[in-house]
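Just below sit the structures, each encoded as C-alpha coordinates.
There are two complexes below, and they share chain A, which is joined by chain B in the first and by chain C in the second.
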Partner chain A sequence: MGDKPMLPGETGVYLVMAIISLLSVVAVYMAVKTRDLVKAVIYSALQSGLYSILYFLLLAPDIGLVYIPVAVGLIPGVLLVLISKTERWEKE
Partner chain B sequence: MRLVEVIVLISTVLAVALLITVGFEHLVPSERVRPVAEFYLNATYNQYELRNYTAMSPEAVTAIVWDFRGLDTLFETSVFYLALIAGLALTRGLLLERAEKSGHGLSIIVRTVTRITAPMIVAVGASIGLHGHLTPGGGFQGGSVIAVLPMVVIVVFSASFLVIKGVTTTKLLVVRSLGLTGIGLTAIAVFLVGITLHMPAYVFQNMAKPDAQISMPYSVAGALISGTLWFFNIFEMFAVAAGFSIAFIALMLARTLESSRGE
Partner chain C sequence: MEAVNTYLLSVTLASLLVNFAISLYAMFFKPHYVKKVIALTILGDTVNTFAIYIGYRRWVEQRPPRVPVLTDLRPEAIEEFKNLAVDPLPQALVLTAIVIGLAVILFLVFLGWILYSHYRTLDMREIKRLKG
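So, the complex of A and B:
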(Lines of atoms letter the chains of each structure in order from A and count residues from 1; the text may use other names and numbers.)
(Lines give C-alpha, C1' and ligand atoms only; values in the text may rest on other atoms or scores of the structure.)
Protein backbone atom coordinates (compact mmCIF):
# COMPACT_ATOMS: atom_id res chain seq x y z
CA MET A 1 0.00 0.00 0.00
CA GLY A 2 2.26 2.75 1.25
CA ASP A 3 1.37 6.19 -0.03
CA LYS A 4 -0.86 4.76 -2.74
CA PRO A 5 -4.62 5.13 -2.10
CA MET A 6 -6.61 1.92 -1.91
CA LEU A 7 -8.63 2.72 -5.01
CA PRO A 8 -7.78 5.00 -7.88
CA GLY A 9 -10.15 7.98 -7.89
CA GLU A 10 -11.97 7.00 -11.05
CA THR A 11 -12.78 3.52 -9.84
CA GLY A 12 -14.33 4.99 -6.73
CA VAL A 13 -16.53 7.24 -8.86
CA TYR A 14 -17.59 4.27 -10.97
CA LEU A 15 -18.40 2.31 -7.82
CA VAL A 16 -20.60 5.12 -6.51
CA MET A 17 -22.27 5.30 -9.93
CA ALA A 18 -22.93 1.55 -9.89
CA ILE A 19 -24.49 1.73 -6.41
CA ILE A 20 -26.66 4.69 -7.39
CA SER A 21 -27.77 2.91 -10.56
CA LEU A 22 -28.75 -0.19 -8.59
CA LEU A 23 -30.68 1.94 -6.09
CA SER A 24 -32.51 3.66 -8.94
CA VAL A 25 -33.45 0.23 -10.35
CA VAL A 26 -34.94 -0.63 -6.97
CA ALA A 27 -36.86 2.66 -6.95
CA VAL A 28 -38.22 1.99 -10.45
CA TYR A 29 -39.27 -1.53 -9.42
CA MET A 30 -41.11 -0.17 -6.39
CA ALA A 31 -42.75 2.52 -8.54
CA VAL A 32 -44.02 -0.08 -10.98
CA LYS A 33 -45.13 -2.58 -8.36
CA THR A 34 -46.88 -0.39 -5.81
CA ARG A 35 -50.66 -0.07 -5.99
CA ASP A 36 -50.66 3.36 -4.37
CA LEU A 37 -50.21 5.87 -7.18
CA VAL A 38 -49.03 8.63 -4.83
CA LYS A 39 -46.28 6.35 -3.55
CA ALA A 40 -45.42 5.48 -7.15
CA VAL A 41 -44.92 9.18 -7.91
CA ILE A 42 -42.66 9.54 -4.87
CA TYR A 43 -40.60 6.50 -5.88
CA SER A 44 -40.21 7.89 -9.38
CA ALA A 45 -39.09 11.23 -7.91
CA LEU A 46 -36.54 9.29 -5.85
CA GLN A 47 -35.28 7.61 -9.00
CA SER A 48 -35.01 11.01 -10.68
CA GLY A 49 -33.02 12.36 -7.75
CA LEU A 50 -30.59 9.44 -8.02
CA TYR A 51 -30.34 10.03 -11.78
CA SER A 52 -29.42 13.66 -11.22
CA ILE A 53 -26.49 12.51 -9.05
CA LEU A 54 -25.51 10.20 -11.92
CA TYR A 55 -25.58 13.10 -14.36
CA PHE A 56 -23.37 15.09 -12.03
CA LEU A 57 -20.86 12.24 -11.72
CA LEU A 58 -20.88 11.77 -15.50
CA LEU A 59 -19.70 15.40 -15.78
CA ALA A 60 -23.00 16.72 -17.15
CA PRO A 61 -23.98 19.18 -14.39
CA ASP A 62 -26.10 21.19 -16.82
CA ILE A 63 -28.44 18.25 -17.38
CA GLY A 64 -28.45 17.55 -13.65
CA LEU A 65 -29.55 21.11 -12.94
CA VAL A 66 -32.48 20.73 -15.34
CA TYR A 67 -33.28 17.30 -14.01
CA ILE A 68 -33.66 18.25 -10.35
CA PRO A 69 -36.42 20.89 -10.65
CA VAL A 70 -38.22 19.26 -13.55
CA ALA A 71 -38.20 15.62 -12.46
CA VAL A 72 -38.35 16.07 -8.69
CA GLY A 73 -40.49 19.22 -8.51
CA LEU A 74 -42.60 19.87 -11.56
CA ILE A 75 -43.49 16.44 -12.96
CA PRO A 76 -44.57 14.95 -9.60
CA GLY A 77 -46.71 18.07 -9.13
CA VAL A 78 -48.49 17.55 -12.43
CA LEU A 79 -48.86 13.82 -11.75
CA LEU A 80 -50.35 14.47 -8.30
CA VAL A 81 -52.91 16.82 -9.86
CA LEU A 82 -53.69 14.06 -12.34
CA ILE A 83 -54.07 11.47 -9.56
CA SER A 84 -56.35 13.74 -7.58
CA LYS A 85 -58.66 13.74 -10.61
CA THR A 86 -58.89 9.94 -10.71
CA GLU A 87 -58.47 7.29 -8.01
CA ARG A 88 -55.49 6.91 -5.77
CA TRP A 89 -55.46 3.10 -5.73
CA GLU A 90 -54.69 1.06 -8.80
CA LYS A 91 -57.21 -1.70 -9.47
CA GLU A 92 -56.43 -5.31 -10.36
CA MET B 1 -46.37 -15.97 -11.13
CA ARG B 2 -43.97 -15.00 -8.36
CA LEU B 3 -41.34 -17.49 -9.64
CA VAL B 4 -41.56 -16.14 -13.19
CA GLU B 5 -41.04 -12.61 -11.92
CA VAL B 6 -37.97 -13.56 -9.92
CA ILE B 7 -36.50 -15.47 -12.87
CA VAL B 8 -37.06 -12.52 -15.19
CA LEU B 9 -35.48 -10.12 -12.72
CA ILE B 10 -32.43 -12.30 -12.08
CA SER B 11 -31.85 -12.98 -15.76
CA THR B 12 -32.14 -9.29 -16.57
CA VAL B 13 -29.59 -8.40 -13.91
CA LEU B 14 -27.25 -11.17 -15.12
CA ALA B 15 -27.61 -10.08 -18.74
CA VAL B 16 -26.84 -6.47 -17.91
CA ALA B 17 -23.87 -7.56 -15.79
CA LEU B 18 -22.57 -9.67 -18.68
CA LEU B 19 -22.99 -6.79 -21.12
CA ILE B 20 -21.17 -4.42 -18.79
CA THR B 21 -18.36 -6.90 -18.22
CA VAL B 22 -17.89 -7.54 -21.93
CA GLY B 23 -18.18 -3.92 -22.92
CA PHE B 24 -16.31 -2.48 -19.97
CA GLU B 25 -13.40 -1.23 -22.01
CA HIS B 26 -15.77 0.71 -24.24
CA LEU B 27 -18.01 1.90 -21.42
CA VAL B 28 -15.21 3.64 -19.59
CA PRO B 29 -14.76 6.98 -21.31
CA SER B 30 -11.31 7.32 -22.80
CA GLU B 31 -9.00 10.11 -21.73
CA ARG B 32 -8.57 11.33 -25.29
CA VAL B 33 -10.98 14.02 -26.41
CA ARG B 34 -12.59 13.71 -29.81
CA PRO B 35 -11.56 16.30 -32.43
CA VAL B 36 -14.93 18.12 -32.37
CA ALA B 37 -14.85 18.37 -28.60
CA GLU B 38 -11.26 19.52 -28.75
CA PHE B 39 -12.22 22.34 -31.11
CA TYR B 40 -15.07 23.52 -28.89
CA LEU B 41 -12.96 23.34 -25.74
CA ASN B 42 -10.22 25.34 -27.40
CA ALA B 43 -12.56 27.90 -28.93
CA THR B 44 -15.01 28.52 -26.12
CA TYR B 45 -12.83 31.06 -24.27
CA ASN B 46 -9.92 32.00 -26.48
CA GLN B 47 -9.59 35.58 -27.61
CA TYR B 48 -6.00 35.28 -28.87
CA GLU B 49 -5.51 32.18 -31.03
CA LEU B 50 -9.08 31.51 -32.20
CA ARG B 51 -10.34 35.09 -32.13
CA ASN B 52 -12.76 34.52 -34.99
CA TYR B 53 -14.40 31.39 -33.56
CA THR B 54 -14.57 32.02 -29.84
CA ALA B 55 -17.75 32.57 -27.84
CA MET B 56 -15.84 34.25 -24.98
CA SER B 57 -17.53 32.07 -22.38
CA PRO B 58 -15.67 29.70 -20.03
CA GLU B 59 -18.79 27.52 -19.93
CA ALA B 60 -18.52 25.36 -23.05
CA VAL B 61 -22.03 23.94 -22.75
CA THR B 62 -23.72 27.34 -22.72
CA ALA B 63 -21.43 28.47 -25.53
CA ILE B 64 -22.55 25.51 -27.64
CA VAL B 65 -26.21 25.83 -26.70
CA TRP B 66 -26.61 29.56 -27.38
CA ASP B 67 -23.78 30.38 -29.75
CA PHE B 68 -22.38 27.49 -31.77
CA ARG B 69 -25.84 25.92 -32.28
CA GLY B 70 -28.06 28.81 -31.22
CA LEU B 71 -30.70 28.23 -33.89
CA ASP B 72 -31.52 24.76 -32.48
CA THR B 73 -32.10 26.28 -29.06
CA LEU B 74 -34.36 28.95 -30.54
CA PHE B 75 -36.56 26.25 -32.06
CA GLU B 76 -36.53 24.27 -28.80
CA THR B 77 -37.83 27.38 -27.05
CA SER B 78 -40.55 27.80 -29.64
CA VAL B 79 -41.60 24.16 -29.23
CA PHE B 80 -42.00 24.80 -25.50
CA TYR B 81 -44.05 27.90 -26.26
CA LEU B 82 -46.34 25.97 -28.63
CA ALA B 83 -46.90 23.27 -26.00
CA LEU B 84 -47.83 26.00 -23.52
CA ILE B 85 -50.32 27.53 -25.96
CA ALA B 86 -51.89 24.10 -26.43
CA GLY B 87 -52.20 23.68 -22.66
CA LEU B 88 -53.81 27.10 -22.26
CA ALA B 89 -56.22 26.33 -25.09
CA LEU B 90 -57.31 23.16 -23.26
CA THR B 91 -58.16 25.06 -20.07
CA ARG B 92 -59.84 28.03 -21.71
CA GLY B 93 -63.24 28.90 -20.33
CA LEU B 94 -62.21 27.51 -16.96
CA LEU B 95 -59.80 30.34 -16.35
CA LEU B 96 -61.14 33.28 -14.43
CA GLU B 97 -59.11 36.34 -13.59
CA ARG B 98 -61.05 36.87 -10.38
CA ALA B 99 -60.91 33.90 -8.07
CA GLU B 100 -62.57 33.49 -4.71
CA LYS B 101 -60.46 32.62 -1.70
CA SER B 102 -60.84 28.90 -1.25
CA GLY B 103 -59.45 26.80 1.56
CA HIS B 104 -56.99 27.80 4.24
CA GLY B 105 -53.92 25.94 3.01
CA LEU B 106 -51.63 23.93 5.21
CA SER B 107 -50.64 24.62 8.82
CA ILE B 108 -48.98 27.85 9.94
CA ILE B 109 -45.61 26.09 10.32
CA VAL B 110 -45.57 25.03 6.69
CA ARG B 111 -46.75 28.45 5.57
CA THR B 112 -44.04 30.27 7.55
CA VAL B 113 -41.33 27.94 6.24
CA THR B 114 -42.59 28.53 2.72
CA ARG B 115 -42.45 32.29 3.22
CA ILE B 116 -38.81 31.95 4.31
CA THR B 117 -37.74 29.56 1.55
CA ALA B 118 -39.55 31.38 -1.26
CA PRO B 119 -36.90 34.10 -1.70
CA MET B 120 -34.20 31.42 -1.48
CA ILE B 121 -35.72 29.47 -4.37
CA VAL B 122 -35.83 32.62 -6.49
CA ALA B 123 -32.26 33.51 -5.49
CA VAL B 124 -30.92 30.07 -6.43
CA GLY B 125 -32.78 30.15 -9.75
CA ALA B 126 -31.59 33.65 -10.57
CA SER B 127 -28.03 32.70 -9.66
CA ILE B 128 -28.11 29.64 -11.90
CA GLY B 129 -29.62 31.65 -14.75
CA LEU B 130 -27.48 34.78 -14.50
CA HIS B 131 -24.22 32.86 -14.10
CA GLY B 132 -25.10 30.59 -17.01
CA HIS B 133 -22.12 31.78 -19.05
CA LEU B 134 -19.68 31.16 -16.17
CA THR B 135 -20.85 28.06 -14.32
CA PRO B 136 -22.98 25.05 -15.27
CA GLY B 137 -26.58 26.05 -15.73
CA GLY B 138 -28.32 28.61 -17.85
CA GLY B 139 -31.64 30.19 -18.64
CA PHE B 140 -33.71 27.02 -18.79
CA GLN B 141 -32.25 25.59 -15.59
CA GLY B 142 -32.69 28.82 -13.65
CA GLY B 143 -36.19 29.34 -15.01
CA SER B 144 -37.36 25.87 -14.06
CA VAL B 145 -35.93 26.27 -10.54
CA ILE B 146 -37.87 29.52 -10.14
CA ALA B 147 -40.99 27.82 -11.52
CA VAL B 148 -40.96 25.42 -8.56
CA LEU B 149 -41.97 28.36 -6.35
CA PRO B 150 -45.50 28.96 -7.72
CA MET B 151 -46.18 25.25 -7.43
CA VAL B 152 -45.08 25.15 -3.79
CA VAL B 153 -47.09 28.29 -3.06
CA ILE B 154 -50.19 26.83 -4.72
CA VAL B 155 -49.88 23.60 -2.73
CA VAL B 156 -49.14 25.28 0.60
CA PHE B 157 -51.53 28.24 0.45
CA SER B 158 -54.35 27.68 -2.02
CA ALA B 159 -55.02 27.41 -5.70
CA SER B 160 -56.28 30.96 -6.03
CA PHE B 161 -53.65 32.50 -3.72
CA LEU B 162 -51.41 33.69 -6.54
CA VAL B 163 -54.30 35.12 -8.55
CA ILE B 164 -55.58 37.00 -5.50
CA LYS B 165 -52.07 38.38 -4.93
CA GLY B 166 -52.10 39.71 -8.49
CA VAL B 167 -50.01 37.07 -10.27
CA THR B 168 -52.53 36.37 -13.02
CA THR B 169 -51.99 34.23 -16.07
CA THR B 170 -52.35 37.29 -18.29
CA LYS B 171 -49.48 39.06 -16.53
CA LEU B 172 -47.34 35.93 -16.70
CA LEU B 173 -48.16 35.62 -20.39
CA VAL B 174 -46.89 39.19 -20.87
CA VAL B 175 -43.63 38.28 -19.06
CA ARG B 176 -43.34 35.17 -21.19
CA SER B 177 -43.89 37.12 -24.40
CA LEU B 178 -41.39 39.80 -23.34
CA GLY B 179 -38.83 37.06 -22.71
CA LEU B 180 -39.40 35.55 -26.14
CA THR B 181 -39.23 38.98 -27.79
CA GLY B 182 -35.95 39.59 -25.96
CA ILE B 183 -34.54 36.30 -27.26
CA GLY B 184 -35.56 37.25 -30.80
CA LEU B 185 -34.10 40.74 -30.52
CA THR B 186 -30.84 39.42 -29.07
CA ALA B 187 -30.62 36.98 -31.97
CA ILE B 188 -30.78 39.78 -34.54
CA ALA B 189 -29.05 42.52 -32.51
CA VAL B 190 -25.65 42.24 -34.19
CA PHE B 191 -27.35 41.82 -37.56
CA LEU B 192 -29.30 45.07 -37.08
CA VAL B 193 -26.13 46.91 -36.07
CA GLY B 194 -24.48 45.54 -39.19
CA ILE B 195 -27.30 46.84 -41.37
CA THR B 196 -27.07 50.27 -39.74
CA LEU B 197 -23.30 50.48 -40.15
CA HIS B 198 -23.35 48.91 -43.65
CA MET B 199 -21.10 46.09 -42.54
CA PRO B 200 -21.58 42.36 -43.08
CA ALA B 201 -23.09 40.57 -40.07
CA TYR B 202 -24.97 37.37 -39.38
CA VAL B 203 -28.17 36.56 -37.55
CA PHE B 204 -27.23 34.85 -34.24
CA GLN B 205 -23.76 36.34 -34.42
CA ASN B 206 -21.98 36.76 -31.11
CA MET B 207 -18.28 37.43 -31.57
CA ALA B 208 -16.53 38.63 -34.72
CA LYS B 209 -16.27 36.16 -37.59
CA PRO B 210 -13.62 36.20 -40.36
CA ASP B 211 -15.99 37.89 -42.85
CA ALA B 212 -18.08 39.84 -40.34
CA GLN B 213 -16.01 41.89 -37.97
CA ILE B 214 -18.78 43.20 -35.68
CA SER B 215 -19.08 41.61 -32.26
CA MET B 216 -21.05 42.03 -29.06
CA PRO B 217 -19.06 43.41 -26.12
CA TYR B 218 -17.93 40.39 -24.14
CA SER B 219 -17.51 42.26 -20.88
CA VAL B 220 -19.19 45.25 -19.30
CA ALA B 221 -17.12 47.23 -16.80
CA GLY B 222 -14.80 44.30 -16.25
CA ALA B 223 -17.57 41.74 -15.72
CA LEU B 224 -17.66 39.00 -18.32
CA ILE B 225 -21.06 38.72 -20.01
CA SER B 226 -19.96 36.74 -23.07
CA GLY B 227 -21.80 38.91 -25.58
CA THR B 228 -25.22 37.53 -26.44
CA LEU B 229 -25.06 34.57 -24.04
CA TRP B 230 -25.95 36.58 -20.94
CA PHE B 231 -28.93 38.21 -22.66
CA PHE B 232 -30.16 34.89 -24.04
CA ASN B 233 -29.88 33.34 -20.56
CA ILE B 234 -31.77 36.09 -18.74
CA PHE B 235 -34.58 36.27 -21.30
CA GLU B 236 -34.87 32.49 -21.42
CA MET B 237 -35.02 32.44 -17.63
CA PHE B 238 -37.99 34.82 -17.56
CA ALA B 239 -39.73 33.00 -20.40
CA VAL B 240 -39.33 29.54 -18.88
CA ALA B 241 -40.26 30.60 -15.33
CA ALA B 242 -43.38 32.41 -16.54
CA GLY B 243 -44.28 29.56 -18.90
CA PHE B 244 -44.17 26.84 -16.25
CA SER B 245 -46.01 29.08 -13.78
CA ILE B 246 -48.82 29.69 -16.27
CA ALA B 247 -49.19 25.96 -16.81
CA PHE B 248 -49.47 25.31 -13.07
CA ILE B 249 -51.84 28.11 -12.27
CA ALA B 250 -54.04 27.07 -15.18
CA LEU B 251 -54.05 23.43 -14.10
CA MET B 252 -54.77 24.16 -10.44
CA LEU B 253 -57.42 26.84 -11.06
CA ALA B 254 -59.16 24.58 -13.54
CA ARG B 255 -59.18 21.82 -10.93
CA THR B 256 -60.63 24.00 -8.16
CA LEU B 257 -63.29 25.45 -10.43
CA GLU B 258 -64.26 22.00 -11.65
CA SER B 259 -64.60 20.59 -8.14
CA SER B 260 -66.59 23.60 -6.90
CA ARG B 261 -68.84 23.28 -9.93
CA GLY B 262 -69.42 19.60 -9.24
CA GLU B 263 -70.55 20.16 -5.68
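So, the complex of A and C:
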Protein backbone atom coordinates (compact mmCIF):
# COMPACT_ATOMS: atom_id res chain seq x y z
CA MET A 1 0.00 0.00 0.00
CA GLY A 2 2.52 2.65 1.10
CA ASP A 3 1.55 6.27 0.65
CA LYS A 4 -0.87 5.49 -2.15
CA PRO A 5 -4.51 5.24 -0.96
CA MET A 6 -6.46 2.10 -1.84
CA LEU A 7 -9.13 3.97 -3.80
CA PRO A 8 -8.18 7.24 -5.54
CA GLY A 9 -10.51 10.14 -4.91
CA GLU A 10 -11.60 10.32 -8.51
CA THR A 11 -12.71 6.69 -8.64
CA GLY A 12 -14.42 7.05 -5.26
CA VAL A 13 -16.50 10.00 -6.42
CA TYR A 14 -17.50 8.21 -9.62
CA LEU A 15 -18.35 5.07 -7.64
CA VAL A 16 -20.70 7.01 -5.35
CA MET A 17 -22.27 8.62 -8.42
CA ALA A 18 -22.85 5.22 -10.03
CA ILE A 19 -24.37 3.72 -6.85
CA ILE A 20 -26.71 6.69 -6.40
CA SER A 21 -27.94 6.51 -9.99
CA LEU A 22 -28.53 2.75 -9.72
CA LEU A 23 -30.57 3.33 -6.53
CA SER A 24 -32.57 5.99 -8.36
CA VAL A 25 -33.41 3.42 -11.05
CA VAL A 26 -34.86 1.19 -8.31
CA ALA A 27 -36.86 4.11 -6.89
CA VAL A 28 -38.25 5.03 -10.32
CA TYR A 29 -39.20 1.42 -11.05
CA MET A 30 -41.02 1.09 -7.72
CA ALA A 31 -42.80 4.43 -8.28
CA VAL A 32 -44.09 3.21 -11.64
CA LYS A 33 -44.88 -0.32 -10.46
CA THR A 34 -46.86 0.30 -7.27
CA ARG A 35 -50.65 0.69 -7.34
CA ASP A 36 -50.79 2.82 -4.20
CA LEU A 37 -50.40 6.42 -5.36
CA VAL A 38 -49.18 7.65 -1.95
CA LYS A 39 -46.35 5.13 -2.14
CA ALA A 40 -45.63 6.23 -5.72
CA VAL A 41 -45.30 9.85 -4.57
CA ILE A 42 -42.97 8.82 -1.74
CA TYR A 43 -40.78 6.81 -4.13
CA SER A 44 -40.61 9.74 -6.52
CA ALA A 45 -39.55 11.99 -3.61
CA LEU A 46 -36.83 9.42 -2.81
CA GLN A 47 -35.68 9.60 -6.43
CA SER A 48 -35.56 13.40 -6.21
CA GLY A 49 -33.45 13.22 -3.06
CA LEU A 50 -30.99 10.88 -4.76
CA TYR A 51 -30.83 13.23 -7.77
CA SER A 52 -30.04 16.18 -5.50
CA ILE A 53 -27.07 14.26 -4.03
CA LEU A 54 -26.03 13.58 -7.63
CA TYR A 55 -26.18 17.32 -8.37
CA PHE A 56 -23.87 18.01 -5.43
CA LEU A 57 -21.42 15.41 -6.73
CA LEU A 58 -21.64 16.86 -10.25
CA LEU A 59 -20.53 20.19 -8.72
CA ALA A 60 -23.79 22.07 -9.07
CA PRO A 61 -24.55 22.88 -5.41
CA ASP A 62 -26.85 25.79 -6.28
CA ILE A 63 -29.07 23.43 -8.29
CA GLY A 64 -29.06 20.99 -5.38
CA LEU A 65 -30.11 23.67 -2.93
CA VAL A 66 -33.01 24.79 -5.14
CA TYR A 67 -33.94 21.22 -5.96
CA ILE A 68 -34.38 19.84 -2.43
CA PRO A 69 -37.28 22.14 -1.37
CA VAL A 70 -38.94 22.04 -4.80
CA ALA A 71 -38.76 18.35 -5.71
CA VAL A 72 -38.66 16.73 -2.28
CA GLY A 73 -40.98 19.14 -0.46
CA LEU A 74 -43.32 21.11 -2.66
CA ILE A 75 -44.24 18.80 -5.57
CA PRO A 76 -44.92 15.67 -3.43
CA GLY A 77 -46.88 17.86 -1.00
CA VAL A 78 -49.12 19.20 -3.75
CA LEU A 79 -49.55 15.73 -5.24
CA LEU A 80 -50.53 14.36 -1.82
CA VAL A 81 -53.14 17.13 -1.52
CA LEU A 82 -54.49 16.10 -4.95
CA ILE A 83 -54.61 12.44 -3.89
CA SER A 84 -56.42 13.29 -0.65
CA LYS A 85 -59.02 15.28 -2.62
CA THR A 86 -59.50 12.50 -5.18
CA GLU A 87 -58.73 8.79 -5.05
CA ARG A 88 -55.81 6.83 -3.66
CA TRP A 89 -55.71 3.54 -5.56
CA GLU A 90 -54.94 2.98 -9.20
CA LYS A 91 -57.28 0.36 -10.65
CA GLU A 92 -56.01 -2.62 -12.61
CA MET B 1 -7.80 2.99 -13.36
CA GLU B 2 -8.80 5.15 -16.31
CA ALA B 3 -10.97 2.36 -17.71
CA VAL B 4 -12.70 1.90 -14.34
CA ASN B 5 -13.46 5.63 -14.17
CA THR B 6 -14.94 5.60 -17.66
CA TYR B 7 -16.97 2.50 -16.79
CA LEU B 8 -18.41 4.10 -13.64
CA LEU B 9 -19.38 7.26 -15.51
CA SER B 10 -21.02 5.09 -18.18
CA VAL B 11 -23.02 3.30 -15.46
CA THR B 12 -24.29 6.68 -14.25
CA LEU B 13 -25.30 7.73 -17.77
CA ALA B 14 -26.92 4.35 -18.50
CA SER B 15 -29.02 4.48 -15.32
CA LEU B 16 -30.18 7.96 -16.26
CA LEU B 17 -31.18 6.64 -19.69
CA VAL B 18 -33.09 3.77 -18.05
CA ASN B 19 -34.91 6.29 -15.83
CA PHE B 20 -35.78 8.29 -18.93
CA ALA B 21 -37.19 5.20 -20.65
CA ILE B 22 -39.22 4.04 -17.63
CA SER B 23 -40.77 7.47 -17.08
CA LEU B 24 -41.62 7.80 -20.79
CA TYR B 25 -43.31 4.38 -20.67
CA ALA B 26 -45.28 5.33 -17.55
CA MET B 27 -46.38 8.62 -19.09
CA PHE B 28 -47.84 6.90 -22.15
CA PHE B 29 -49.15 3.57 -20.85
CA LYS B 30 -50.20 4.05 -17.23
CA PRO B 31 -53.93 4.84 -17.11
CA HIS B 32 -54.08 6.95 -13.96
CA TYR B 33 -53.70 10.75 -14.16
CA VAL B 34 -51.61 11.14 -10.97
CA LYS B 35 -49.24 8.42 -12.18
CA LYS B 36 -48.79 10.32 -15.43
CA VAL B 37 -47.98 13.53 -13.53
CA ILE B 38 -45.42 11.68 -11.36
CA ALA B 39 -43.83 10.25 -14.51
CA LEU B 40 -43.66 13.76 -15.97
CA THR B 41 -41.78 15.06 -12.92
CA ILE B 42 -39.31 12.16 -13.17
CA LEU B 43 -38.86 12.81 -16.90
CA GLY B 44 -38.13 16.50 -16.29
CA ASP B 45 -35.66 15.72 -13.51
CA THR B 46 -33.82 13.25 -15.71
CA VAL B 47 -33.52 15.68 -18.61
CA ASN B 48 -32.19 18.35 -16.22
CA THR B 49 -29.64 15.85 -14.94
CA PHE B 50 -28.51 15.15 -18.50
CA ALA B 51 -27.82 18.88 -18.95
CA ILE B 52 -25.81 19.03 -15.70
CA TYR B 53 -23.95 15.86 -16.71
CA ILE B 54 -22.88 17.45 -20.01
CA GLY B 55 -21.38 20.39 -18.14
CA TYR B 56 -19.33 18.17 -15.81
CA ARG B 57 -15.63 17.64 -16.46
CA ARG B 58 -13.30 14.88 -15.34
CA TRP B 59 -10.36 15.39 -13.04
CA VAL B 60 -7.41 17.24 -14.59
CA GLU B 61 -4.08 15.64 -13.60
CA GLN B 62 -5.39 14.27 -10.27
CA ARG B 63 -6.88 17.63 -9.33
CA PRO B 64 -10.65 17.76 -8.71
CA PRO B 65 -12.81 20.09 -10.81
CA ARG B 66 -14.17 23.20 -9.15
CA VAL B 67 -17.57 24.72 -8.55
CA PRO B 68 -18.00 27.54 -11.12
CA VAL B 69 -17.77 30.44 -8.67
CA LEU B 70 -15.21 33.15 -9.41
CA THR B 71 -14.50 35.66 -6.64
CA ASP B 72 -10.81 36.34 -7.29
CA LEU B 73 -10.15 38.35 -10.47
CA ARG B 74 -6.36 38.10 -10.73
CA PRO B 75 -5.21 36.69 -14.13
CA GLU B 76 -3.71 33.52 -12.63
CA ALA B 77 -6.91 32.84 -10.71
CA ILE B 78 -8.91 33.22 -13.93
CA GLU B 79 -6.47 30.85 -15.66
CA GLU B 80 -6.99 28.24 -12.94
CA PHE B 81 -10.75 28.73 -13.17
CA LYS B 82 -10.59 28.09 -16.91
CA ASN B 83 -8.60 24.90 -16.36
CA LEU B 84 -10.61 23.42 -13.48
CA ALA B 85 -14.17 24.78 -13.21
CA VAL B 86 -17.16 22.90 -14.57
CA ASP B 87 -19.39 24.56 -17.18
CA PRO B 88 -21.72 27.11 -15.52
CA LEU B 89 -24.08 27.58 -18.49
CA PRO B 90 -26.13 24.32 -18.12
CA GLN B 91 -26.48 25.05 -14.41
CA ALA B 92 -28.01 28.46 -15.12
CA LEU B 93 -30.40 26.94 -17.67
CA VAL B 94 -31.42 24.10 -15.34
CA LEU B 95 -32.14 26.54 -12.51
CA THR B 96 -34.70 28.22 -14.80
CA ALA B 97 -36.07 24.88 -15.99
CA ILE B 98 -36.73 23.66 -12.42
CA VAL B 99 -38.87 26.71 -11.63
CA ILE B 100 -40.79 26.44 -14.92
CA GLY B 101 -41.34 22.72 -14.26
CA LEU B 102 -42.74 23.53 -10.82
CA ALA B 103 -45.27 25.93 -12.39
CA VAL B 104 -46.30 23.33 -14.98
CA ILE B 105 -46.78 20.64 -12.33
CA LEU B 106 -48.91 22.96 -10.18
CA PHE B 107 -51.09 23.73 -13.22
CA LEU B 108 -51.49 20.01 -13.97
CA VAL B 109 -52.42 19.26 -10.34
CA PHE B 110 -55.25 21.79 -10.37
CA LEU B 111 -56.32 20.53 -13.80
CA GLY B 112 -56.58 17.06 -12.25
CA TRP B 113 -58.69 18.40 -9.42
CA ILE B 114 -61.15 19.96 -11.89
CA LEU B 115 -61.11 16.76 -13.96
CA TYR B 116 -62.11 14.81 -10.87
CA SER B 117 -64.92 17.19 -9.97
CA HIS B 118 -66.30 16.76 -13.52
CA TYR B 119 -65.97 13.00 -13.98
CA ARG B 120 -65.64 11.61 -10.40
CA THR B 121 -62.64 9.55 -11.51
CA LEU B 122 -59.07 10.12 -12.63
CA ASP B 123 -58.71 6.90 -14.60
CA MET B 124 -58.07 7.87 -18.21
CA ARG B 125 -59.91 4.82 -19.62
CA GLU B 126 -63.02 5.75 -17.65
CA ILE B 127 -62.79 9.38 -18.73
CA LYS B 128 -62.49 8.29 -22.37
CA ARG B 129 -65.58 6.10 -21.96
CA LEU B 130 -67.59 8.85 -20.22
CA LYS B 131 -66.78 11.48 -22.85
CA GLY B 132 -69.74 13.23 -24.41
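To be clear about the criterion, the second predicted complex is superposed on the first by the 92 of 92 C-alpha atoms of A that agree within 3 Å, B and C clash if a C-alpha of one lies under 4 Å from a C-alpha of the other, contacts with A are read in each partner's own complex, and residues count from 1 in each chain.
Just so we're on the same page, a residue touches a chain if its C-beta (ideal position, glycine included) is under 8 Å from a C-beta of that chain, and two chains touch if they have at least 3 such contacts.
In this text, all values refer to a predicted model and were calculated from it rather than measured experimentally.
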May I ask you to decide whether A:V32 touches chain B, chain C, both, or neither, giving the answer as first, second, both or neither? second
Just checking: does A:L15 make contact with chain B only, chain C only, both, or neither of them? Give me first, second, both or neither. second
Check whether chain B or chain C contacts more residues of chain A in the superposed model. C
Examine A:V78 and indicate which partner it touches, taking first as chain B and second as chain C; both and neither are also allowed. both
Is A:L54 contacted by the first partner chain B, the second partner chain C, both or neither? second
Answer with first, second, both or neither: which of chain B and chain C does A:V70 touch in the superposed model? both
A:E90 in the overlay: touching chain B, chain C, both, or neither? Say first, second, both or neither. second
Contacts for A:D62 in the overlay, against chain B (first) and chain C (second): which applies, first, second, both or neither? both
For chain A, give the residues common to its interface with chain B and its interface with chain C. 10, 14, 29, 61-62, 66, 70, 74, 78, 81, 85
For the complex, which residues does chain A have touching chain B? 10, 14, 29, 61-62, 64-66, 68-70, 73-74, 77-78, 81, 84-85
Going by the contact rule set out above, which residues of chain A touch chain C in the complex? 8-11, 13-15, 17-18, 21-22, 24-25, 28-29, 31-32, 37, 40-41, 44, 47-48, 51, 54-55, 58-63, 66-67, 70-71, 74-75, 78-79, 81-83, 85-87, 90-91
Sites on chain C touched by chain A in the complex: 1, 4-5, 8-9, 11-12, 15-16, 18-19, 22-23, 25-26, 30-32, 34-35, 37-39, 41-42, 45, 48-49, 52-53, 55-56, 58-59, 62, 64-68, 86, 91, 94-95, 98-99, 102, 105-106, 109, 112-113, 116, 121-123
Which chain B residues qualify as touching chain A in the complex? 9, 28, 61-62, 128, 136-138, 140-141, 144-145, 147-148, 151, 155, 244, 248, 251-252, 255
